[in-house]
Structures are given as structure tokens and as C-alpha cells.
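Next come two complexes built around chain A: one with chain B, the other with chain C.
What follows is the complex of A and B.
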């Protein structure tokens, strides 16, 4: 005959365990993504949105985000902002006002991101910016905004030193120079070139939708530069590389584009790309990736049946940074506490990019993270990491703090 | 300098050829039926996408895919006339205008659903570059220029030398008189739309091979097409040919010698200047 007291005690224990588990398992945290899922910016935005979804699934599979006694499973809502400021504003308003989202990730492109950054400071929400490289996004001291990608001029400085070291003096630039951060990158390159006695002899422009670059390239060819520097989105940049070869230009080609092999090969052939340099943050390239990077590449490829773009881990890392910050803050509701925790966060162990922490923290006081910069070269069908470009994140962070 | 001018002219000829084909399609429909066929750009993109699909997903050689896409263009043109424009043919002009706008959105949506949002480039395997002195001409551009010339000549022969062509011109000139002369005016819109759409598809294939096809590109093309129409003279075939060529070369030379930042602006300034002195366009008839 079982002891009735023991039976009751066991039943109570079992009930409390079941109830506890049920409560922890049922909690859901919805995070939003505002990014370019279609249009010209989609080469960056779509892989970012995919990366957020993948990170969320990984976190959920590993038990979710622990906040006190609760476990939160992540649910992702993604809206297409088409890299357009108005669409981005609408997407974020919809996420905050209609869907009740407090954490918004993604943000590949500077124009749309700047539009959202202009009002996010007034919202009880946290904005995590990915690939958008316009410097001013993190100079406005917005307390609830952080960015995983370093600003363009931080990379431009390192790129200028690299080009000067290669001995090229007369550089022709062709790029999306009406986009602020590309112009900032070129200005930084020019400053470094001048220090070494070099100069930029032409600044030719293309727009996001341009595909015929032969007029600009013909003009550049007539100036006999030592090298060309191409700054812009992957697709127009790929056309520049292809058409430069078609026009018989055999000078070194440098770029700042962050496109994957797959993205370039949709437009050019590997032969037309051979020897092209990409001077950019040390983003995901399989040959230089960390253990996390290799796993990320494999998982992403398996899940989406396409290689991840080099910049996509900026968004993947946002999710893990957010997880760590929520766990550190011990709340999902108090966005101010989470934003503060982000600013004090050491680099989480799960991130893919190789961050250079400032004073041991992933984000500096401006909310800006820094990765190392690298020189990548197209060799026989793939981007090969050739060398690190010396970059001083602490010095740049101090400089960034002086700007408004 | 001379080499640069020649090179820029050749650069401009390829894109000019595309403009000519787009403008010819538009001018045929506008001149004969009085319809501003805004969906023409999206339909030409459909042709490019279809060719890409036939080559990459069905494994057809590009030379086999092109005639199939042109044939699909002809059929699509018939459908557009029967289903979209015929019901409003005798209604107020604004009705056809609204139908044209709606059709543009429909075809854009259809392209997006069928072929996705990614930019695609039609693989041709043509990567040789011909060099003559200091001038370089990529093989693909040369074939695009030649194909554009061929299509324009074929169309001119059709319009000028065949009975059907004469009937089309008669309807364009005076519809009532054409009816009195026994022209079957009911079939003319069908022929016009199929011809126009086939030309648009050809232009879409050229854009897809030379550059890329992506959502939104068709809109830009149709704007340029209408600009060419105005520059050359509304309803004038030779005007469309001259206007397209002039616009292509002007864009190229403007980008090369003035500023690439204002490439489009300069081209449109030239257009405005021409219209100041010849309001009827380069080859249009004065009212």
C-alpha cells in the first residue's frame, strides 16, 4: 500500500515541474527585421534577414534566451524596406506600432537606416544595425542603437595605406559617390594616398541602377591611371570589372564591395575578375573564417541553398549580441536596460565576425563595433584573404566620439 | 581624343539600339492606336526573363531560346490587345490610360512571381573583344548592334513594302478612310501589338545579355522609350530610329566628356533643346 503522504508530495512536485516547464517553454519574444529583401539592396539585405532567422532557430533549438526563470523562444517578423528611407520608416513603424516589436535588426543600407535612426531614439525599442556603413549612424549618440559593421571611412583609411604601399600614385575612382559612406571611404583613401605622394585623378559616378559603365570607363582609360578603385554595390561593381576588361584595361582594380563569389559570377566570369582586390572589413570568407565562420557558412549554405554573402554575419551576430544583452539585463521588457547591457557587452563567443573590442567591449560608447580590415583578392574563382590591413579601433573610436 | 569620341560612340550605339527597339514598339502602338502603352517596358523584361529561364533552367542554347521568346512575345501581344485594350478601344482615352497603368503593375507582379526578385544576366558565352586601333568592341555589343539594325530593317520592310504594312500605315493616317478602302481594321491592332511586343522582347533580351534584368528596370526603359518618341517625333518610325540612336550616343558622350553624375540630365537637356527648335521632334511632322 503506497504511502498517501508520499504520493501527494510526488504529485505536487510533478505538477510544479510540469507547470514550471510549461511556463518557461511558452514564452515568446518577437524580434523584427527591416531590410532590403527586394531591389538593388537585396544582395545585402536578403542574406542578412536569412542570417537573423538562422540565428533565431539556433537559439531556439538550444533552449532560447534565459531571463530569470523564463526561457524565451524567438519569433522573427521580416519586412522589406527595399533600401528605401520611406519604406524603412513604414516597416519600422509597423513593427513597433502594430506588431509590438521592441528589438529591430537587419538594416543593410545606409539611406534607409539613417531614416530610421532619426526617430528610433524616441521609441522604446532597440535598433541593431548591420551592414549599413554611413558614419553618421553612430555619431548621433543614440542610446538605443548599436551597429555591428564598422563605418566606411575606418576601412577606407586602411585601404588607402594599402594602395599607396603598392606603389600606385594616380588612382581613378568609379563608384556610387552620391552615397555618403562610399564618398567617406574614398575621402579616407585620398588622405592616405596624398601622404604617400599619390592622388585621385578622377571621380566618376554610377547610380545603383546603372549597368552600362563603358562611358565612364572609356573616360578613365583616356586618363591613363595607375589603378582604378570601384566603390559601390556588388551588381554595378561587377559590371565595372567586366566592362573594364572588355575595354582592354589591364591596370590593377581595387574595390570596396563585399560581394560573394556567387554574386559576382552572376554578372562576370572568373577570368574577368582575376586579380581584383576587395579592401573591406574582414568579413566572412571561407579561407579566413574562424571556426564559427566555417560552421556559419556550412549551415547557411545547407539551409538556404546558397552561399552566404560576406557581410551577412553582421546580422547573425546582432542576434547573439541581443541574446547576451537580454540575459545580462535580465529583462525583455525594459529596452533601456537591454540597450545599456549592449554597450557593456563583451564579444559573445558565438559571433562570426572577428571583432576588435574597445576596452574589452563589443560596442564602444557610440554603440559602434569594429572588425579588422583585410585585403582580399580574386584568385581562380574565389576571394582569397591575402593580408590584414592595419586598423586602430580604439583611436578611431575616440575620433568617432568627437563627431556629432 | 578622336579615339575616345569613337569609343564613346560605339558604347552609345549598343544602348541606343535598345532604345530604338523600345521606341519603335511604343511608337507603333501610340501612332496607330493612340495608346500610351506603359507596360511595354515590363513586357520587354518578361521577354528577357523568359529567355534567361529557357537558357538556364531548360538548358536551351541561347540561339534557340531567342526565337521561342520572340514567339511568346507575339502571343503575349495578342493577349494584351484582346484582353486589356480591346474592351476600352471605343471608350474615353483615360480608360486606356488607366488600363496601361494597371497592366504595368500586373506584368511587374507577374515577373516577380514567376522569376523572383533577383537580378539575372542572360548567359551568352560571348566574351571575345575585337580591337581596332585604340578602339575595343566586345563581341556581344557588336552582335547587339547588328541585331538591332537587322530588326529595324526588317520592320521597315514590313511596314513600307508589304500589304499589311500599308494597311497599318493607312489606319495610322486615317482610320475612317482606311475602312472605306476595305482595310480590315479589326486585325490591325492585333498585328500592331504582336509586332510591338516582339520588338520589346528583343530589347529585353538585349538588356538581359548586355546588362541585367531586375524588377524596376522596365520602368526606366519605358521612360527612355517615350523620351525617344518625343525626341524623334510622335508616331514617326524614322524619328524613333534617329531619336534612340541620338539619345544612346548623347548619354555616352555626356558621361565621358561632361560628367557621369548628370548622364541622364544631359541627355534630357539635349532633348529639351531639340524640342525648343523643333517642337514636333527631329523627324515629326508639324501640325
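What follows is the complex of A and C.
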């Protein structure tokens, strides 16, 4: 005859153990986003912040991040940095010092990202950079920083080869050349053009807030170039494409913008965009997308009632890379271990971008990831992936390692 | 007795600020307080030319940039000690201010504002395009920080400098020079009519104002460890003007209050997400319309009303 008191005690103990396990299993991991949610950089920053939130929800719905016996559900705090260095520093200080966040994602724009990168090495935190393309962000060998987007000159090299192969010799550039990474892109294009006997005959500048580019275009038209190359944020680039047509310029138009169809069509018409090339990392377009990419596009559109910008998966992929790194490191508290695990990570199966791993790893020793580069052309209202651009991630990674 | 009473709020304020690092548990607020103290220096400089002399200058952030880049580049390229480069920064900024102030102070009113605005734009353009030296828009990182980057120590440095320069501004304001600056603000032609070379005093105010900004810029660079041209644009010069207007133009306490407001207000409003800037703009517009004499001006008139009423009751 069992002792009823002992049975009740055993039952209570078992219940408390089960409850205890359940409580231990349900933990919360807060991750932060610092990005341009307002201002000129918001065309990149806002979709990135949305992408992080969406990835976090997906991970939570699938059970969270498993660390030993615990299951961590992700909670996202997003702060606006207006793509401004001081604001970005304030936002990240708030995330680390006040909110106790250890993992900070987003970072669409180079100036604000560089400001945070300058001190993140001293923090017990991990910084995952997205769309910011300035090369120097990953030349400083910061152990707790990784970046999903390749530097601009990695893409510029491939773009230059493509333009040269098209047979155009005299190229006029119009762009935000006072922004470092756009200038680096153009320098790389120029190096490749010169190898094929081509040249850049003009470097006209617009600022990110300019909307009337007809003076520069009129000057360029007078030089009679074979093609124009437009490098800059989506809105000013869209105005250039529109105004080039309005000025009757019927030469090939190349660009480096990473804008979505929706973003371009706010400024210009599909007819005015017809035939424009965008030479950029093989980011998200439906025609080039993998199965993950198609699903990402559909889910994002449904959730936010807008198409995702092509570069937004850089941030989405950050979350899955972080998940895999935390699970590999077996800790959420030891940021050094997680940062180390990121450097040794194979490309996770859930990512959207098509990464070119270096030595089988998503991030190289500099913390830099590489995607393939692609030539996209605007055809009948949408970006169409035409072909891959020649890109050697391993060679570039070695070159990046030589820089300080 | 009356003088002691006048000093009491300052001493209390200084005591609170001195204890702040011990009171603050979240270091983020210490970070913002350091930025605010740097802005106190910049705004006190702005107040000398704008509040006391009546000339609205839109180049204060540009001068901050000159100070920041001067201290950083000299330090990095010649390996000079950080303290020396920080002391040189306001002197180098003063040279630029002399060169720009001499021609620009020949014009008055809105024209002066426009000329200084152009100077700020030129400074940014040079910083962006002279990238061999300034590294352009990518900026300069890993700028040396004093005391191994200790924020507490830097806070006391910023506090000591902000307090000393506020005292210096008060001494200037109470001196004969300060009286002449006020007279220029009231009626420049009258000042000239009594045989005073107004331009010398205007240039003095402009150069001293720039030196404040130059030191503020150097402090910013060695606190943040990163600078790029965007930080020193016209928008930041407008922040310096706003700090003076919000706090109280032509007062010594005004720029102190205004500087804390322009740093803390946008951060406090982060809860409003994308409406933050709209709210910030709205608060600034309303404050400028309904509080043209600034917070200090309102506090002074309220205090005067209260003491009058108290006196009537007593009598």
C-alpha cells in the first residue's frame, strides 16, 4: 500500500521539476537593431529592421534558439540612427548600457557603422553589419564584428569587367562620389576598364538629397560618352535615369543602387527605366532568388504590405547566422565565444543571399562574407537577373587581409 | 548676501553634476551627459557671438570640425601627445576664424548668417574631398582616448572644461568688452558713433566663439574615437543656435540648459519611433514661438513676479 503523503510529495516534486524545466526552457534573448529608420538612409535601413523582426518571429515560431536545455525566444529592440555617426553611437550605447543587449544587427550605412565599429571592439557585444559597403569596416580585424554585405570595390571590379565586355569605352560617371564606398566602386570599375582600353571621361557628383541632375547630365551629354554609370542611393539615381530619358540620352545606363522596383517607380516610370542595368551583389530579385529568397519575398510582402528592398536580406541573414553561432557556441552570455563561432560558421541553410564561402566558412578571417555579383536589367517593370558577374571571393579576401 | 544667493544655483548645479557619475547606474546616461557637456562649451561659444553680440553665426559645427580634425591629424601624423593636440585645436580654429571673420563681419544681419553658412558648407566640402588627409566620408577611427577610454574620467574633464569656459564667458560678459558687445547688439551704429571700433569687438567675439567650438570638437573626437565630415554639418550648427535660443539667448545659464536639451531631447523621444523627429521639430517650433526669451528668461520673469508679489504681501 503506497503512502499517500509520499505519493503526493513525489507528484509535487515531479511537477515542480517539469515546471522548472519548462521555465528554464522559456528564456528571452533581446537583440538590438541600430539602423536608419528615418531620413535618406531609411530606404535601406527600414527594410533591414523589418527583415530582422521577421527572422526573429520565424525563429520564435520554430521553437527559438536552442542552447543546452534552454530555448531562447528572440525579442527585438530597434533604434533609429538616422545614418548619422553621433546618433548611431548614442543608439548602440543605449542598447548596450541601458537595455543590456549583447547582439546588435542592422547597420545599413557606412558613416554611422564606422562610428560604432570604432568602439565595438572594447565591448562585450557582437556587431553584425548589413548593407554598409565601406571597405574599411572589415579591414581593422575587429574580432566581434562581421558583415554580410561584400565591400563595394569587390562588386566594382566585377562591374568594370562586365561593362568592358559590352564594348563601351568612354564611360561618364554620375554619382554620390563624396561617399567613400561609391568612389571605391568607381575606382574599381575604372581599373578594369583601363585593362580593356576604356576610360572614365567624367566624374560628376550629386549629393544624396539632390533631385535635379539635369545640369550634370547636360554636361555629360556634351561629352558624347558611350554609356553612363550611376552610383548612389535609390532616389537620386532614379531621378538621373528619368532625367536622362527626358534629355533624350539614348546610351546604355549602368548603375549601382540596389533599389527595389517599388522604390524606383515612386520617382520614375517603368518605360523610363527600361534597359537600365544594375551591377551589384546578387541580392534579392524574384528571378534570381533561391527557394529561400522566394519565400522571403512572399512573407515580407505579406507582413509589411510592401516588397522587400533587394539588400534587406543582408539583415535577415544576420539573424540566422547569429542563431547558428549561438547554438554552435552553446552560450548566449559569452559573446567572445559567439563571435568566434561566427568566424567558423558554414553558411546556414536558411539564408536568402547566395554567399560564396571562403574555405567553407560564411565569414572570412576579416569577418567579411561574400555574395556572388550579378548583372540585373530592368525589363518590363521589373529587375531581371541576366547573368553572374565574375567574382573571386577568395582572392578578394586575401587582398582585404593585407589592408589596415 | 545677494551675490551669494546669485551663486547658489550655480554651486548647487555644479555639485549635482560633480556627483552625477556616482548617481548614474546606466552608463548610457553618462555618455549623453559627456556629449551634453561638450555641447555646453560649443553653445557658450555660440552665445558670445549670437546672444551677446547679436550676430547669428551658422558655422559653429564647422569650427568644431576644424578643432576635431586638427587635434586628430596632428596627433596621428606627428605622434604628439593628446593633451598638446587638444590645446592646439582651439588655437588652430582661431586662425581659421580670424581669416574668415575678418571679411564676413563686414556684412550684417542675415547676410552675415548666410556668409557663415557658406563657410560651414565649404569646411564640410573640404573635409569630404581632401580625403588623402581626412579620409573623406569614411572618416577617421581609432582616435586616441585619454585614460584608456574611461568615461568617468572623461566626464570630469568635460565638466571641468565646461565649468571653466562658462566662468570665462561670464567674466567676458561682465567686463567692458562684454558691455560693448551688448551695445553692438543694441545699436552698432551708436557704438561706432562714440568712437569705438565695433569690428574689433565683433571679431574678438567671433574668434573666441570659434575657439570654444574648436575645443568642443577636439573633445568630441577624443571622446567618440571617430570623426567624419557629416558630424560637423550645417544641421549641427543649427543645433548650436537652437541650444542658445532654447536655453536663453544672452544669458550665461541659457546655453548650459539648451545644450542638455539638444542632446537629451531627441534621445528621450526615441519611444516615438519614426515620429521622433516630427515631435522634436514640433517641440522646437513651439518653444521658439512661445518662449522666445528661452527657459532662463521665463524662469527669471517668473521669479521676478513671485518676489514682487511676495514683497507686496510683506508690505
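The rule is simple: the second predicted complex is superposed on the first by the 384 of 404 C-alpha atoms of A that agree within 3 Å, B and C clash if a C-alpha of one lies under 4 Å from a C-alpha of the other, contacts with A are read in each partner's own complex, and residues count from 1 in each chain.
Definition applied: a residue touches a chain if its C-beta (ideal position, glycine included) is under 8 Å from a C-beta of that chain, and two chains touch if they have at least 3 such contacts.
Worth saying up front: this structure is predicted, and the values here are computed from it rather than measured.
Peer 1: Which partner does A:178 contact after superposing on A: first (chain B), second (chain C), both, neither?
Peer 2: both
Peer 1: Could you say whether A:37 touches chain B, chain C, both of them, or neither, answering first, second, both or neither?
Peer 2: both
Peer 1: First (chain B), second (chain C), both or neither: which does A:218 touch?
Peer 2: It touches chain B, and chain C stays clear.
Peer 1: Name the contact category of A:395: first (chain B only), second (chain C only), both, or neither.
Peer 2: A:395: touches no partner chain.
Peer 1: Where on chain A do the contacts from chain B and from chain C line up?
Peer 2: 37-38, 178
Peer 1: Using the touch definition from the top, list the residues of chain B that touch chain A in their complex.
Peer 2: Going by the criterion above, the answer is residues 3-4, 7-8, 11-12, 14-15, 112, 117-121, 127, 129, 131, 136, 138, 141, 210-212, 214-217, 220, 251-257, 259-261, 263.
Peer 1: Tell me, which parts of chain A touch chain C in their complex?
Peer 2: Residues of chain A touching chain C: 37-38, 79-80, 82, 84-87, 89-91, 93-94, 96-98, 110-111, 114-115, 117-119, 122, 134, 136, 140, 178-181, 183.
Peer 1: In their complex, what parts of chain A are in touch with chain B?
Peer 2: Residues of chain A touching chain B: 37-40, 42, 177-178, 204-206, 209, 211-212, 214-216, 218-219, 221-222, 235, 239, 245-248, 266-267, 269, 271-272.
Peer 1: Across the complex, what residues on chain C touch chain A?
Peer 2: It is residues 26-29, 31-32, 35, 128-129, 131, 135-139, 141-143, 149, 224-228, 230-231, 266-267, 270, 273-274, 276-277 of chain C that touch chain A.
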